[in-house]
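I've put the structures underneath this note.
Common to both upcoming complexes is chain A, partnered first by chain B, then by chain C.
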Partner chain A sequence: MSKFQSLRVFETPLDDGYKLLPSRFSKLNDDEYVLTNLVGEHLILSRDNLESYVRHELRPSSDLYSDLKSKHFLMDEDSNVAIDLLVLKWRTKLSRLADFTGLHMFVASLRCEHSCPYCQVSRQSEDREKYDMSIKVANRALKLVFRSPSPAIKIEFQGGEPLLNFEIIRYVVEQAEELNKDAGRDLAFVIATNLALITDDILAFCREHNVLISTSLDGPEDLHNKNRPRPGNDSYRRAVDGIERVRGALGRDQVSALMTTTEASLSYPVEIIDEYIRRGFNAIFLRPLSPYGFAIKTKWYGAYNAERWLKFYFEGLDYILKLNKSGYFFVEQFAATILAKMLTPFEPGYVDLMSPAGIGIGAVVYNYDGDVYASDEGRMLAEMGSDKFRLGNVITDTYEDIFLSDALLDPLEESFADSAPMCHECAFQPYCGSDPVFHYATQGDYVGHKPTSEFCNRNMAIFKHLIELMKDPETKRIFQGWVH
Partner chain B sequence: MLTLWTSHAKFHNFDRSVSPILRLSTDQNRPKPLRERELYLGDPTLMPEGFTGAVVVGESPVSGEAPTLNLPEEFSYLGDGDIIRIEPEHGRIRVIFRENSNQNSFLLTERCNHYCLMCSQPPRNVDDGWIVDETLEVIRMLPQSTREIGFTGGEPTLLGDRFIELVAAMKCYLPETTLHVLTNGRTFASSEFCKQITKIGHHDLMFGIPVYADVSTIHDYIVQADGAFDETIRGIVNLKRFGQKVELRVVLHKQSLPRLQGLAEFIVRNLMFVDHIALMGLEVTGFTKANMPDLWIDPYNYMPELADAALYLEAAGMNISIYNLQHCLLDKRVWHFSRHSISDWKNEYLDVCKDCNLLTDCGGLFSTGMSKISDHIRPF
Partner chain C sequence: MTDRTIELRFSLDVHPLEAIKRAAYRLSGHGTFDISLDGRDALVSVSVKQDLEDRALPQLVSQFKSEVLDADLRMSISAETEGLRNTILSHVFSKTGLTNNE
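Then we have the complex of A and B:
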């Protein structure tokens, strides 16, 4: 007789059965279901297999049993380390919450020399006094910034066009560095600018203080200039020249670009991506219009529905995957954010896809006039007349007033996806978020009605699409390469 | 293959009471106080006074008063600074440390709480505590310039406090030496044990821990120990919690290959904080020979699975190596993971390899495993 024991000896006897670990399932397509656990691991199952799983009928010797056990969907008498690992992964996913607010946006000025019809912040064209941030407001805002317990603080200058009030940027950066001598945070700065007004002096300042640049690039010249009119009709030229100037002065990876999809963009996913490649970028964020500001007034928002947007998005993603398969590394950043949730133990912390929502606790906005908003979209709503997400004012309110305000706590609590109708039972919840500002803007309450929520429809379609795509091992490997 | 021990050593005029651990020296002008724990490697008639004895390699008539150790021709590689263990009463010697090798390792115990199907060093349940004392003595004799030392077994952590003592000695006596410990990691499921190891504050310590599957049943079967998977995983998590360096070691064979992709995904989800992952070809020696039908797959035939798993782990940002597999068997896409991993004393090539242009990149073969090799070895 062999001194070695057979595999059978180490398998749990069928009589002992197995326990189900917390999981959710949703229909993926006509034949299959997707099963996810708390920490975002997923498996695709046929209906029969799903039923066998929940009825405790699977046998330990089957591959499916091993897959479910490996991904912590079930547990048997043979092993209980799954609990330890689930706890570890769950804690990792939630660890950002303890850090609290990391992104602090300063609206340096609401003025802008562009006149984009889709402007979501309702920019102003004049009145320096009224629409620029003052030193007094900046000082009070900075005090609040450093009250955040976050070990990493990013200050992002927003507009309008923030470079129209560069003096306040200079002031805030220098003051923040001064305050940080004691605070000792991992401090970073970003200016979100259209680059039309960039100068060598500004670049020299950015270099000295390690300020990153984030800009807008909507696609090829015609499309970009159509979307982003300015005097001289030269927005595109100024943006692409600006990008190279920033690279030359600060380094090639110190500038990133964002695009916004208008109705005119929908026919050109490939051309838009090619423009990003031409400009030396290795990533693009294919972004739909949001229901705020001029985009509503001009009816640019609503000019296309979720279905048309998704067609555009999937065509773009398909092209990007082809690029990757032929050996050119290029990332679609919205997919990458979701894939990070699907393929890693980490939570990427993208404000629109967080639950509890990222408003206030992930990011906060200090408006030019000192009003504090729970998110960029929150202040966009305010410019449209609703101060629902106004948390307070830096001059009149304390840190505690602002961050313990009902205006923040109510939407956080009410929109929490684990307890929101339909979300709580949705398999895609670990990948999704609760966007109370979007739902308030479009449906009038923080939670919204999910079957008619564009947020839900759009995201759910993308989740399913990404999971389908990952049936191909090469695609899955490419996606894994996007998120590490 | 280098011969590291023999029972055909001829001892002439050796005092039975001499210390069994001795260093070799070829230096005529060696400082006298050091000669007491050393053997002179060279012509006994030229041996300066004060050495414990002389070592002569190869057939040569031994005469005269000087204690002389006569070793077979295979030991001609011995050189200045090497350390050997002698047993005059049994005519045995073992080479413990080779100064010009970077792959010296010390077996700390033959006891083990695993009984792996493919163990290359089958465990024995014996009282071998004397090995620790002797190893402590050797550590004190090693040159400070030693680059790396391996601790192996058996399962070295079964030594408990004495294992801690050995790691502490490595830190204190060899402050520039890397220490690599081969362990099944189960003892580290105890936070207290992890804490003790961490307290030592060793400067460059890595634990190499085998994980053979993503599910307990298969891992436990391969290591022939129920409950092993849970303890090993807890041990790995604990070690990382205490900031220790961990390498996962996956041996590729018929039992581990079916779950290799599952294991890769499990690692990325649960253990992505480990420092290194070694995917290793089978060494056909020890228990492996007894279990060949349950273990052997020609590496040529599992290359797609290996390449997929390795590339997936790489895409996830993990640090990967492939050990013990020959270049001509490897998918080109994973050539960059291949390392010279086989210890220098048991690394060989075949006759067909003589014409190969890529020999310097190749992992080579185990001289201990020549009884079963792939059918697809060919020169480039």
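Then we have the complex of A and C:
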């Protein structure tokens, strides 16, 4: 018996022809379209080919037919395994949902000794009693943390500047480790700090308890100090010295950095990336400002539009690709997150790019006063006077009250991209998210008006750009190296 | 017709009204689209937004016509694959306890 089917099987259309499998398409450029299947695998097609595919006019012997068949855009009598594979891949993509909340953010203190004009959390400068988390709040929050079914729990300390209330960090870490003796979760800790107040004692504690450090580095000294003023105008020096101290005490890869793009940053994508390289990082997350807190009050958020930010982002990405092509491995993390969605069956779990939205079910915030918010941006909005994403309070509400509250379920349901206007038929939906907090903050409702949504315009431009870039095989290899 | 407004006529025997509406929504960041019916035709009055130049109108019209065809094609895919999509979805969630067995 032959191991192979006869040539006729591959040449002759089957009696029933082929069936379309669910797919979405969007324009890539003036001549081409992107077609994606349910799990985000994509093909680039001309308009004629797209029409031929939909009208069942393709010949089984054509290369396009094979491509469409192998990526589950169509099936025939010879390939009905496509449904099983799509089920498996989609289930893999959604597997994080069953784990529920993995990231738990504790706002240890809203106080901060920096006075960044773009501060999105509306930090406070005094009143320790009022703006620091108490032991009572921390205990109740910890009980909620361990109610989450997630096998992996990450507790991230946020501010203000959380090191201003290091006592509560120490307490929460020790208590969480105690609770975890029974719970048996994969437990991790991160402190998001500007490093200005780091001490040897704090570092010794972090080493003992395997606490990671995440800090802010906006670029070269002038830019960083301008973006992040503090008494003494030395925020840059404290940040870079702190990075070296953390590395010395905890290990090279135990500290990461995040940058925020201000108007002053826009002319310096290369210099910012070079600063990260000088500091020994092999990745950068080129982040735009978000529409919250002082960034709105001081008008820093409105100082540049999506178009200007995209120019900055693409220049930065171009430079990073040149670095990689010259043999220096360096990753742009936002692109890498999207590429993981494009090139692997896995969902990276980045809260802003999830649907259902990542609020509450991917991450949750326990504020210094015990209020629980669906996301970090939700509590930022609260500091601006809107309690829309307040889910409850750790003192007065139960786990069920909080996680089954309308304040969480309504935005999750309403913003679900599979049923949102335009999103449900957008080819880029498998890579995108719904971000109800951003849309509420900028457009006044959870779904938003997508044709004028900055979130939509910015992300669509990046998705298209990445797909265009992958037409170059060398760039595609580099991108694959970022996600595997 | 003015420099900033143009009226288009679509035969509903060729273009579904739903496709026309979807195309109008998709481009609503660039202009306004007033849709009315005249027998078996849809009349669409297209105007560019105030902050765009007059010369943006021809481009908007061209985009709109293209979007109507795209929307029609999307509806064809959707109509043909809806059953399969529901089958796949039900299998994806079959082990979660979320699907109704009745």
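Note that in this section the second predicted complex is superposed on the first by the 472 of 484 C-alpha atoms of A that agree within 3 Å, B and C clash if a C-alpha of one lies under 4 Å from a C-alpha of the other, contacts with A are read in each partner's own complex, and residues count from 1 in each chain.
Keep in mind that, in the parts below, a residue touches a chain if its C-beta (ideal position, glycine included) is under 8 Å from a C-beta of that chain, and two chains touch if they have at least 3 such contacts.
Predicted model only: the values in this text are computed from it and were never measured.
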Which superposed partner A:L404 touches (first chain B, second chain C, both, neither): neither
First, second, both or neither for A:A152, with chain B first and chain C second: neither
Chain B versus chain C as contact partner of A:T452, first or second or both or neither: second
Chain B versus chain C as contact partner of A:G481, first or second or both or neither: first
If touched residues of chain A are counted for chain B and for chain C, the larger one: B
Partner chain(s) touched by A:L85 [first = chain B, second = chain C, both, neither]: first
Chain B versus chain C as contact partner of A:P22, first or second or both or neither: second
Touched partner set for A:S70, first chain B, second chain C, both or neither: first
Touching residues on chain A, where the partner in the complex is chain C: 19-25, 27, 38, 50-51, 54-55, 83, 86-87, 90-91, 94, 98, 421-422, 425, 449, 451-452
Touching residues (chain side chain A, partner chain B) in the complex: 3-7, 9-12, 39, 41, 60, 63, 66-67, 69-71, 78-81, 84-85, 88-89, 343-345, 473, 476-478, 480-481, 484
Contacting residues of chain C [partner chain A, same complex]: 22, 25-30, 70, 73-74, 76-78, 80-81, 84-85, 87-88, 91-92, 96
Interface residues, chain B side, partner chain A - complex: 115, 117, 214-218, 220-221, 224, 226, 229-230, 233-234, 237, 255, 258-259, 262, 265-266, 268-270, 272, 287, 290-291, 308, 311-312, 315-317
